[in-house]
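Labels run A, B, C, D, E and F following the written order; every chain starts at residue 1.
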Amino acid sequence: MRYVEEFRDPTQARALLKAIGRSAEALGASRAAPIRIMEICGGHTHSIFRYGLDKLVHEGIEFIHGPGCPVCVLPRSRVDEAVTLAERPGVIFTTFGDAMRVPGTSRSLLQAKAQGADVRTVYSPLDALELARRHPDREVIFFGLGFETTTPSTALSVQQAAAEGLTNFCVFVNHITVPPPLKALLDDPHMLLDGFVGPGHVSMVIGTHPYDFIARDYGKPLVVAGFEPLDLLQSVLMVLEQIREGRAEIENQYARVVPEHGNPVSLAAIEAVYEPRPSFEWRGLGEIDASGLRMREAFRAFDAEARFQVGYGAPQGRAQVPDPEGCACGQVMTGRMKPTACPQFGRGCTPDTPLGALMVSSEGACAAYWTYGGARVAAE
Amino acid sequence: MNAATKPSRLRDTHVTLSHGGGGRAMRDLIEEVFTDVFRPEGDEDQARLTDAALATPGARLAFTTDSFVVTPLEFPGGDIGKLAVCGTVNDLAVGGARPLWLSAAFIIEEGTEIALLRRIVASMVREAEAAGVRIVTGDTKVVGRGSGDGVFITTSGVGVIPAGRDLGAAQIRDGDVALVNGVLGDHGATILAARGDLALSTPLESDCQSLTHLMEAVLAAAPGTHAARDATRGGLASTLNEMAEAAGVTVELDEAALPLRTEVKGLCEILGLDPLYLANEGTLVLFVPEAEAEAALAAMRATPAGRDATIVGRAGPRGSVPVTMRTAFGGQRIVDMLVGEQLPRIC
Amino acid sequence: MCLGIPGQIIAISDPARQMGLAEISGVRREVSLAPVADRPLHRLVGEWVLIHVGFAMAIIDEAEAAATLEALRELGEAQEALDQMAEGDRALAASPAPAEGAV
Amino acid sequence: MNAATKPSRLRDTHVTLSHGGGGRAMRDLIEEVFTDVFRPEGDEDQARLTDAALATPGARLAFTTDSFVVTPLEFPGGDIGKLAVCGTVNDLAVGGARPLWLSAAFIIEEGTEIALLRRIVASMVREAEAAGVRIVTGDTKVVGRGSGDGVFITTSGVGVIPAGRDLGAAQIRDGDVALVNGVLGDHGATILAARGDLALSTPLESDCQSLTHLMEAVLAAAPGTHAARDATRGGLASTLNEMAEAAGVTVELDEAALPLRTEVKGLCEILGLDPLYLANEGTLVLFVPEAEAEAALAAMRATPAGRDATIVGRAGPRGSVPVTMRTAFGGQRIVDMLVGEQLPRIC
Amino acid sequence: MRYVEEFRDPTQARALLKAIGRSAEALGASRAAPIRIMEICGGHTHSIFRYGLDKLVHEGIEFIHGPGCPVCVLPRSRVDEAVTLAERPGVIFTTFGDAMRVPGTSRSLLQAKAQGADVRTVYSPLDALELARRHPDREVIFFGLGFETTTPSTALSVQQAAAEGLTNFCVFVNHITVPPPLKALLDDPHMLLDGFVGPGHVSMVIGTHPYDFIARDYGKPLVVAGFEPLDLLQSVLMVLEQIREGRAEIENQYARVVPEHGNPVSLAAIEAVYEPRPSFEWRGLGEIDASGLRMREAFRAFDAEARFQVGYGAPQGRAQVPDPEGCACGQVMTGRMKPTACPQFGRGCTPDTPLGALMVSSEGACAAYWTYGGARVAAE
Amino acid sequence: MCLGIPGQIIAISDPARQMGLAEISGVRREVSLAPVADRPLHRLVGEWVLIHVGFAMAIIDEAEAAATLEALRELGEAQEALDQMAEGDRALAASPAPAEGAV
């Protein structure tokens, strides 16, 4: 078993699609009155489009693309702060490739690099750590992006740096947590969701219980799902079954990877290194209480914001930057608008000239619509 | 002059700015590293050439150029020299030209090891022989440290297109079959891993190879072939987009038919990349009328560069989206051009 | 979010830093085993793990995977059965009256 | 496509690595900055060309290449684009070829201003028109910051040598007269000053110019001309050394006859340099049998590029020192090849 | 008057050559029994060869090329020390072009640059100072080479740096003085010189009196000379006249530039910034007492050797490096051997592959013989 | 040693740092005037100086230069006179006896 191809079998997919169709019919779902299922995670959005699942499922199922892309929810001000850090003399600024093209107010990291900043794409914070070891005369800053899946990797890297006594490594922390924005979404009176496909890799760290409030307090089903097409389809079917049976539970389709209580080492590392920020700014959503992490006092030496007095570490406070004009990212990200309904989609905003982050990241709903043709193939 | 017996005047082990200064140090570098190996005819800065095929009525001269920049300069399956010969030979061959002559211009960064230059030059000569072309003229420049990246090579190629041959993307017709001669993405994946900064190791090798003989075989077996192009930068996806746009047709790929090595797929999964956008350096895509598709396929498979040849898709009528793909599930998705360059991503 | 990919641990490369060599479809990379190092490191060799940004984030549970695939197989069979039933229904419904006479 | 009315998709002001990635950003850069201006024919990567002169019996094809690296990219009297056209055109012309077609390959450093690229390309088109050649094919690559130096351009040129013409250093004979078409060292001196790091300012301009028309005039007036070469890197001194060695003759220069601007002499005195080693980019040296020397001189002087033409020396019989100079005092000194590059000195 | 062309007039030169010839004949000089005149200064050596004066003067005049090229007398160990400084991370090493190709034990500055050192050629120490202003994060070291002519420029630059409070500028001091090696030469019992052409530009700084001992103690004539061909020929004639008249005086042919007492501002700057070293190593000559300068205590902050503990500033003392095997530079430089008599000349040692500094610097006697053909044209 | 070249001071560019603009055969460069700044800086404009490594090291004394050239001119004349005398001598010496009769 290699845990990949087995979950991409087209024959099994056809069976699942049929079962979903039968379930949808049984629920009386139609294009006009669809069952709305939100996949929270951008990785799921990506899989849906890559395999064309949105057009293969019964027309009574509508996927709503949630706020689960850590790059897409990054406000312009945070990109500006990253650029400020990257442009400091002597700094090597390291980042996942995802963040390179996200537009800041005046420039992206890619453009800052072209204009002289030493910005390097890495695969892992461990690679940034290695750069710090190899360049003791330089300051190596890592752009710490991501939800609970990625947070342990920077926490463990910071612990490793501390253990080695590395003094030229620090992290620009932009880690965020999934439950707070979900709660914000569910509290929105305009929101009409019938169920959720839950983020598999976040859950592998935090387990399934952090979602309990969704079933308990809001009466919505949630199925934690893997990322292969069969995983996704099976999870959709499981959501439909719950609805049909009038249940609202947290189920785990991805049990081969997600333990009920998550990963204790990772959780301990997060707990040791980070603490919740009072609030954190999300693109299109504004400041959300306790939705982001910052370094604990004990690790403040590894905190780029504190070290260089930037962003939340600036003595004069952070500059808020409004979203670009005409950008509907906030509404798209909360599922209140389809990408194609954004007035900028395909006009002012394309992957070549993105206005919003949703068009940059290949996980962004707008980019997925554009690249994989949700919009353009249909228009044909 | 006899390279074998002539005493070397080149005592440096690394290139310095002196080697670009127009004086004796430069002359020694050029003679010992380049001209003693390439052996151009005559002393002049211009090659003087004749070829009977060029004088044939209806024949056309094909002329192309490419600069080669690659890190690292040597990689599994090739080096920048091999690349520089294959790339330009292939740009001639895919247009139906018989490659005749190459020029080679080197931009060398101060500090480059002279032994490395010698290996690169040897590799060029080897590959030129294999492809049946001669490197007839050249140039070297030296730039300061930090103003270059080891070695850049620009090759230009001249070839002859026999009378009556007119391959081109504009010739592609609705119904044409799209074929590739081998697996996709090996070069791009090899280079990504060979750079070392991602700390990935693979058993992959670049597909870097010249396609002259393969193209001759195809054109003999399937003379109605409409177009061919090597799927280099931007990969198969970008090449097909360009061709489809130039032809005013659509192309639908069949995901299940795409020839991809496990390791290329693995590397792409790790880094979040799409193998359709990975560069190839010895892989081309052909558009052939349906009636000749099997003949073209068989002809390719009979050559060393075409053993893994396969049909990957088909041209359709004009449409709003140039390239799409039928997924293994029966879904359809757009295969767009790449936006910028592919960057490793985590989400 | 959060690309993750299954790979197999094939060696422990740096016990002090809890680093191991993982193989993913023939591609190798050194990864941190810290998140799954709740057991002796050598016991991880041969295990399949879920890798994210250079960290082995979870050990993949083979039994759970098999169970999922088995459930899918059963679902497939069930759908086929339903299809055959549906086809039978359709065939009955579709049989035009005149044809009956031909039997 | 009509460049004038097409809306620009190129919103960046500076080149990023995206512009080299093989995708849409690259296509937009290439279209808007390069192909909309160069206007090559057809969509293929190879130009397909015909010229009746090439098919004439006895005619030969001339093929040459040069990479151009210069700091600063724009300087008084020219820019790297003008240089890249003139340099290759001249390498064809001095061999007696009529230049027909050029290729142009660009290696662009991340961060380069796109407006600068546009100016360079415009300058190339202007100069190509003046020289009567067409830029028919090209390439662009983008390299990371610190892996290049703004822009490098490699041009290759194809021309036709009419039947019966055979210029070459090997043809130079004892007794031949050496002529130059203009003043020496202007380009080298201009670049040294323009770099700014020596804080020198001069009213000098590069002599960068194409010599096609001048060469045609010379060959019409003095068909017995034995050899011509443009005295680029290494200056007149290095060029003459190469030619004398190839010919197996000696050359004696007449110091008093060397055409040098006051400012070039001044700059050389300040920096301790020898103007004979300064690069030229529009100055050639001719070897003509004595009987045709005056005709060649008059023909040059009648062209704009040859107004300052003059006789500078004479070939003599084989000897141990290829090039010497009769000083203004009647002394004689060796004019050796440069060793490395000339460096400003204090003693 | 532009002070250049006027002193290059061939007609005047012919007259001078005739007068020299007449003087030489009158003195009974011949190729077999020549009058030996040492031009101390490498600049004069260069002019002699550039204008072919050596072959134009009467065959009874022999030029002996003195030790007056500051690059040629630099021992390998000093080049090694320069390379050590240049290869320090963060350093911008600035130098006159003359020193770039001088071979050290394992590499020249040019080769060190090719291998990654940031070595830059400048025209003036002022340009190095400007680099220090523009790169406050880098250490800018200037390779302070030269005799008394050049010493004021680095002294004034150091004073300027001190006045501006620049802390990232310093000088690797290799300044040397003309009189001590002359005294060493004259004390050599094998030396048979009839007179000297004195260094014009050194004298413009120090005046003519520092040479008084040559006439007074050693009975040899010396004429301070300019660098144009007429200057040189006139000076040779003046030396011959002194010999003919049985005089031994210090005369000044170059009075348009050389004041009797030198330049007071320059002398004061040298005095303020530098003091004599106890001794300094010369190539081919070994250590000569009080022949080199070092920074005074007050300017020690600008002394690269003290700052980076290199060379004479190294706590463990300097490494002496022997001259390369077979190199006769010492003998050539002291006039005891002609370049062409060196067994390496034109064999192991050519300008492309110099063994000794005399073959590198265009002022070096060996390079001048090679480049301008003293040797090769004659050999023809 | 010590390349030096005459140039003319054409402007004072930075009085505080004693910098001026020098012109040497049409080439301009900022040079330090410190060594010759023993008089008010503005009085240096128009003067010819001897420039070495960016410093005006000496003011060139026009009268001395003229005197040197004058001495050379006189020497030239003297040599010419000597030449003529020598030629006369040679002519006399060379005249073969028979020619005498031809006078």
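The rule we apply is simple: a residue touches a chain if its C-beta (ideal position, glycine included) is under 8 Å from a C-beta of that chain, and two chains touch if they have at least 3 such contacts.
Source: prediction; values computed, not measured.
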Both-way neighbours, i.e. chains that touch chain D and touch chain C
A, B
By mean C-alpha position, what chain is farthest away from chain E?
C
Could you report, rounded to a multiple of 5°, the rotation needed to superpose chain B's C-alpha atoms on chain D?
180
Just grab the chain with the largest centre-to-centre distance to chain D, centres being mean Cα coordinates.
C
Distance-wise, how many Å sit between the C-alpha centres of chain D and chain E, to the nearest whole number?
38
For chain C and chain F, let me know how many angstrom lie between their CA-based centres, rounded off.
94
When the C-alpha atoms of chain B and chain E are each averaged to a single point, how far apart are the two points in Å?
56
Express in whole angstrom the distance between the two chain centres, defined as the mean CA positions of chain A and chain F.
80
Would you mind listing the residues of chain D that make contact with two or more other chains?
16-18, 24-25, 198-200, 269-270, 272, 339-340, 342, 345-347
Hey, what residues on chain C touch two or more of the other chains?
1-3, 5, 25, 29, 52-53
Chain E: which residues touch two or more other chains?
4, 42-43, 69-70, 96, 101, 110, 123, 127, 146, 150, 351-352, 363
Just say which it is for the chain contacts: an open line, a closed ring, a star, complete, or other.
other
Report the complete set of touching chain pairs.
A-B, A-C, A-D, A-E, B-C, B-D, B-E, D-E, D-F, E-F
Over in the complex, which chain C residues touch chain A? Could you list them?
1-6, 17, 25, 29, 32, 34-38, 48, 50, 52-55, 57-58, 60-62, 64-69, 71-73, 75-76, 78-80, 82-83
Contact set on chain E toward chain D in their complex
4, 8, 10, 13-14, 42-43, 49-53, 55-56, 69-71, 96-98, 100-101, 110, 120-123, 127, 145-146, 150, 229, 351-352, 361-363, 370-373, 376-377, 379-380
Contact footprint of chain B on chain C as seen in their complex:
1-3, 5, 24-30, 51-53
Chain D touches which residues of chain B in the complex?
16-27, 42-51, 54-55, 57, 60-69, 71, 91-92, 94-95, 97, 101, 103-107, 136-141, 143-144, 146-149, 152, 154, 156-159, 161, 168-170, 229, 232-235, 238, 242, 246, 277, 279, 336-342
Chain D contact footprint on chain A (complex, rising order):
101, 110-111, 113-116, 351-353
